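One chain, subunit A, links the two complexes that follow: it is found with subunit B in the first and with subunit C in the second.
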Partner chain A sequence: MPGAPISRWTMSYFAVSLVCLLSGLAAMGSGFGFPSGDVGAPDTLVVVHLLAIGWLGLLFCGALLQFVPVLAAARPRFASVAAPALVMLVFGLSALLAGFLSLGGRAGFDLAIMPVGAALLVSAFIALAVSYAATILSRPEIDLSGKLVLVGLVSLLVTIALGATFTGVLSGMLSTEWSAELLLRGLPVHAFSGVAGWMSITAVGVSYRLFSMFMLAPESGFSTRRLIAGLVAALAMLWVSPFAALAYPGADVAVEWIAVALFAGALFVYLSDVFRMVRSRRRKTLELNTLAGVGSLVYLLAAVVMVAMHQLFPDTLAFGPAAIYALAMGWLSGLGLAQLYKIVPFVTWLEAYGPVMGRAAVPRVQDLVRESRGRSWFILYHAGVLLGVAGLLCGAELAFHLAAWVEFAAVAGLAVELFHARRLGYAPADIRLPKGAVRPHLLFANQI
Partner chain B sequence: MTSATLVSDRIAAALSDVIDPEIGRNVVDIGLIYSAELIAEDHLLIRMTTTTRGCPATGFLVDAVRERAASEGLAQTVDVELTYDPPWSPDMMRS
Partner chain C sequence: MGFEYKELDVRPLLQAGVEPFVEIMTAVDGLGPGQGLRLLAPFKPQPLFSVMERKGYLYELSELEGGDFEVRFFPKKPEVLASENADDADNWPDPMVELDLTDLDPPQPMVKILQALESMPEGTVLFAVLSREPVFLFPELVKRGHQWVGNFDKAGTAFRLMIRRGGAKP
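Moving on, here comes the complex of A and B:
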């Protein structure tokens, strides 16, 4: 059959990722980790990795399983890694979190569980990255989205290599005279390679295609060369900054400034392209997923400003943590939730109604969701994120905890909406299951 | 009215309920049907595209167009050819 096949395990990735998001928000709301604890405390590491790997990592990997073959217009390569990779990611993350809890004295596991977890995570991420890259590279011509996803995958490899090394240091299995230096210098590179490199650049790549598709805007006239060059240069600066400090003490600050400036320049190019798409779109009334997705870009802009403020005034307000929070919960999670709100009903529609299209009356994709309810949950979610950013900036812990619970309620509400979409609950009753249509499974796709 | 136009009008009517799942409008209004011609007696060839190359709905859309054209009795046999030359653009939509 022409066109990309429906990914069998994408819904499974999404389900686990939502459980991790809700768990992470509940932990944050309960005062677990930062800002109640130290930014590098084991409890903070638990929450950060639950969200970074469990929520965003699984969300991105699940979405790429479905999206990369569409983007490349090619059959997926090594698609059979999807299910074992999911199992390895779940066990690897569980082991890593158990290690962090033991490090903080909350559990009694041998700390060697951390590198074991890291080995599982690294294996799974590499298997998935090879699958995505092989699919993209199977085409003679690679478009802007494909190139950006490839850059994001390289950043993923750097992120997990550093992370795995850190588990060796934290567990005591890797003990050298430069261990402390490695943690100190490497941690910001690990964090920014993950958030700004792997996830943000991948999200930008995917968003080019999705915004264009959903807004019915031309997929041409993008500033491809400038954007790719700016991002690659920014990442290179980020990765050489620790070595610059070793060679010339103090040089790392200058290199970091160059990296921030290059990221800001790339962001300007990206936002200009999105603005052009919005202006030239044929779909005048945007759907909720597009509105929420474009809205999440505001956090990206705010985060770059806050990172710059952090560089300028490192001791004034908590610009650094607020920037990371805005990137993770506002930009990446906001965009992720917005696209989940589209991808889940779209894939569900294909599974249920694709085979009977043209033979019977079927609902539209839009009939599988109720946007009025979804809109309320998105508004609530973003109110929570804004409260969280304000709470961090002002050092108001109670506001930060409250923000997490507000986001928890909104995500739970959206999860219920996605459940209804998956069960065809909102589809008009008379055409909900026409002859030949099959109700999709909740957690994985039918093989069509 | 020429026979080609007759086929074109009947095709448009037959395909009016084949809806692109993403856009929510029928394939003719979106401009996905590039041509429909009788290449032999009772043999209809429809050339069509999709909004995105690699779209997972592609196979379903091709099947639906073939099924609708055949069930309307437009020809004894119906072939649907998928093409991306030229690639679809939003300008091809009927306003």
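Moving on, here comes the complex of A and C:
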């Protein structure tokens, strides 16, 4: 049967992910981990994984649960994995973080808790990836968005395979002569596969569809082949770079350069596609979510420039950390928050009013939010991110901490707005719940 | 296969030393819907296959006597989607209501369609053009007892949807 149902557990994923984002920002604001501590210090690992798995990972997985069936216009395959996967992700992440805290002497768990957590995380991510891939592949023809999501899923598998191996090394359970080498060479690959591969490519894939959908821009004329070929080649370079170093010492730098150049080329193709969509759109005034989403692309561009600067001048300014921060907090989180601001009211509206649509007067989707408030929170959020990037570049720790609290306030404000949307709090009272409408639960969708 | 074929023999062109690509593309662009192209060539025109596939054509290849090839290019059938409860749409009456919803962003098309259906008598048909598949509308239509069939146009830029009003009024 063609058509997509409302995903039952997406809101649960979103709720947990927002809690993780707020916790991560509070930790950053309190001076926990980098830059007060070392980049690779256990405290930094706690913050990084709280944000990468807890916030972005859960956000993306939750969004894909809803989005992949829309993309494929098909019912989701293996949809029953969603709830158990969420439970495993929460327990797996908690175990991993407990392990990092113990590694840093802040807690006293046996370090074996790390690989145990990793096993839970790997199982959950694989289950979800299989479900998404099977749904996308159920259609005879796969569009650009679908292909990009598939490439992103492959990167996810590489990321978690490396991450799980590291937990073996860090806990001392996996100890060979090349353990130290593996950590050293594998860590950048792990980080970039996660941020640039899994999350950025997936986000790009999803954004093609969302941008064209909400800007009413034609979904044709994209440079599909060039984009996919560039990204696959870039990822391949990223993944062979450690082996290149083993074969020819020093060759990894050249391979990394090729990877950066290929990523930059793919980014150029993507940005020109987005630019064309913006120009040929039929909807002239853009909504807040589209504006904020397109705006977050600026960080993507800035991050690629900073990565290149880092390669050129590794010792001048903190380009590397600033690039990662711009990617994670500016591009991925900025786009993520912007789309949350659309998806939550949209899905809530659909669930609440779908059954009575056309039979009774119902609010419009935009009646479920107050865009003026949302706009203020987005401006505040991006002010925080800019301050954070500047703080990192100049080594101003206080500015970095302050930036985290500014972002915290903005995210908390947006979370309250989303709460109101779920509760239909802004809907005009006379048509809030016409007869036959369904009041949505806060944290999950009603079984239909 | 029920296609009407135009014929193009590129053998004389090649013999005269002329590159036939432009000629072939001109012929393809002149094809109407439901029309195919019969191409006669002295070799397998391998690079042409992917070009034609992107233009929405599949091919059948047969070798002629003397080593030449005949390629028949025919249009891909756009995939037709239908609700599981849909009977043969060829027997449906002409649409009573026609809506052009290509300039509305989601979820407006869904709202307009469900609104229009409410005021239509049972058994009548609504025709709508949208800029994409209304994936959330499909389950709602079936839940309300309506039948639907739909497909993308050849260029893939518009989704055409026919809905037959059901009788159920839950």
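Annotations for the structure displayed:
Convention: the second predicted complex is superposed on the first by the 446 of 448 C-alpha atoms of A that agree within 3 Å, B and C clash if a C-alpha of one lies under 4 Å from a C-alpha of the other, contacts with A are read in each partner's own complex, and residues count from 1 in each chain.
By definition in this document, a contact is a pair of C-beta atoms (placed from the backbone, for glycine too) under 8 Å apart; a residue touches a chain by one contact, two chains touch by 3 or more.
Note that the coordinates shown come from a computational prediction; the quantities given were computed from them, not determined experimentally.
Aligning the two structures on subunit A places subunit B and subunit C in clashing positions. Touch criterion not met for A:N446: it reaches neither subunit B nor subunit C. Within the superposed three-chain model, A:S36 lies out of touch with both subunit B and subunit C [touch as defined at top].
After overlaying the two complexes on the shared chain, residue contacts for A:P140 are found with subunit C alone; subunit B is out of touch.
With both structures placed on the common chain, the touch criterion links A:L216 to subunit B and to subunit C.
By the document's definition of touching, of the two partners only subunit B reaches A:A361; subunit C does not.
Of the two partner chains placed around the shared chain by superposition, neither subunit B nor subunit C is touched by A:T224.
In the superposed model, A:Q311 makes contact with neither subunit B nor subunit C.
Residues common to the contacts of subunit A with subunit B and with subunit C across the two structures: 1-6, 69-70, 73, 213-214, 216, 218, 282-283, 346, 349-350, 354-355, 357-359, 365. By the touch criterion given at the top, residues 17-19, 21-24, 50-68, 82, 89-91, 93 of subunit B touch subunit A in their complex. Per the touch definition, subunit C reaches subunit A in the complex via residues 79, 81-84, 103-107, 110-111, 113-118, 131-133, 135-140, 142-143, 155-157.
Chain contact summary for the complex, subunit A toward subunit C: residues 1-6, 69-70, 73, 140-141, 213-216, 218-220, 282-283, 346, 349-350, 354-355, 357-359, 365, 448. Partner subunit B is touched in their complex by these residues of subunit A: 1-6, 66, 69-74, 209, 213-214, 216-218, 281-283, 346-347, 349-350, 353-355, 357-359, 361-362, 364-366.
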